């Protein structure tokens, strides 16, 4: 196992988790500000947008994080590629947040970056797994 | 640590993640096709079903993936059991998707396989952890 | 890599996952009891509360689990701190469940413990990563 490739994955995990934590705190703040009583998850447009941003970020984390760690455990030669994809994913998430809060219809650039980086991370992780398999390190 | 038991977990993680990614893309497609404007998550029966399938798959991933990796880090003697349970989980998810889209009331077989495989993976992971504990490898 | 610090993280992961599994099963039971037909996620106050508790627990798992494992991979000297924070998180979740079911407005203590433990786990994981970096183990 290449433990050196785990380190960038660990850093990215903290960044992604911190960003997601921020989206969750925002939802709590907007719930209070716009007086949306639990367990409701609708009632004010800004709250609803923030809630969808949070939940969508969780939905995306459920894809990118497992792929990132498989790629870290079974790295390809270009070890920098998986962390780079993770950084682009994170930038896409910040864009998604800002675009969605301004106007949900304008979120597509942020959503597209999310989809493409998920797919790219899957390909990188798959290549790493195949490489380990053919190298007999499985 | 038995790194050989990590490999099947890595492959399964990619398969599970790819399936979940597929359910998420489907939601995006159906959102467009049936013109359900964000941030709404209701408005057309097929969209609502697809969205529940995606979210339920994420809910299930949050159980099975951590258990799978604990089982991989602390394998029991029958190392093939955890990956096998993971494959059955995945088959259950495909069933769940197909049954739920046809008629939400018919989803129970898929949901049942999910619940049972989650429970089985928990037991396997717990046995592995206990085995490591008694072997002094904790 | 300090594999000994992985063991408490594995145990905690099983406990957290088992608790979350329990919240999910509860939702299924209440869906049946109060006859809330899928794909609806509203229709009866107790079902709605139980569903929010489950989803909120998943939302929180998406923060605490990645941080816990980064902290386990890159432990600080006080290795007991991350598992302790995890246990407090779990106690907070049980409180959240009980308070929320009784009255959603009373959930704040449980929610607060969740937020604070997430933040504490992030700080501990970050310290571990920085320590590994300065020790040249990155």
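Chains: A, B and C, in written order; residue numbering restarts at 1 for each.
By our rule, a residue touches a chain if its C-beta (ideal position, glycine included) is under 8 Å from a C-beta of that chain, and two chains touch if they have at least 3 such contacts.
If you're wondering where the values come from, they're calculated on a predicted model, not measured in any experiment.
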Copies chain A and chain C touch via same or different residues, half shared test: different
Turn needed to bring chain A onto chain B - CA fit, degrees, nearest 5: 120
Whole-Å gap separating chain A and chain C, where each centre is the average of the chain's CA atoms: 18
Residues of chain C engaged with two or more neighbouring chains: 58, 62
Parts of chain A lying in touch with chain C, wherever the complex brings them together: 3-4, 6-7, 10-11, 13-14, 16-18, 20-21, 24-25, 28, 37-39, 41, 54-55, 58, 61-62, 65
Interface residues, chain C side, partner chain A - complex: 1, 45, 48-49, 51-52, 58-59, 62-63, 66-67, 69-70, 73-74, 100, 104-105, 107, 111, 115, 118-119, 122, 125-126, 129, 132-133, 138
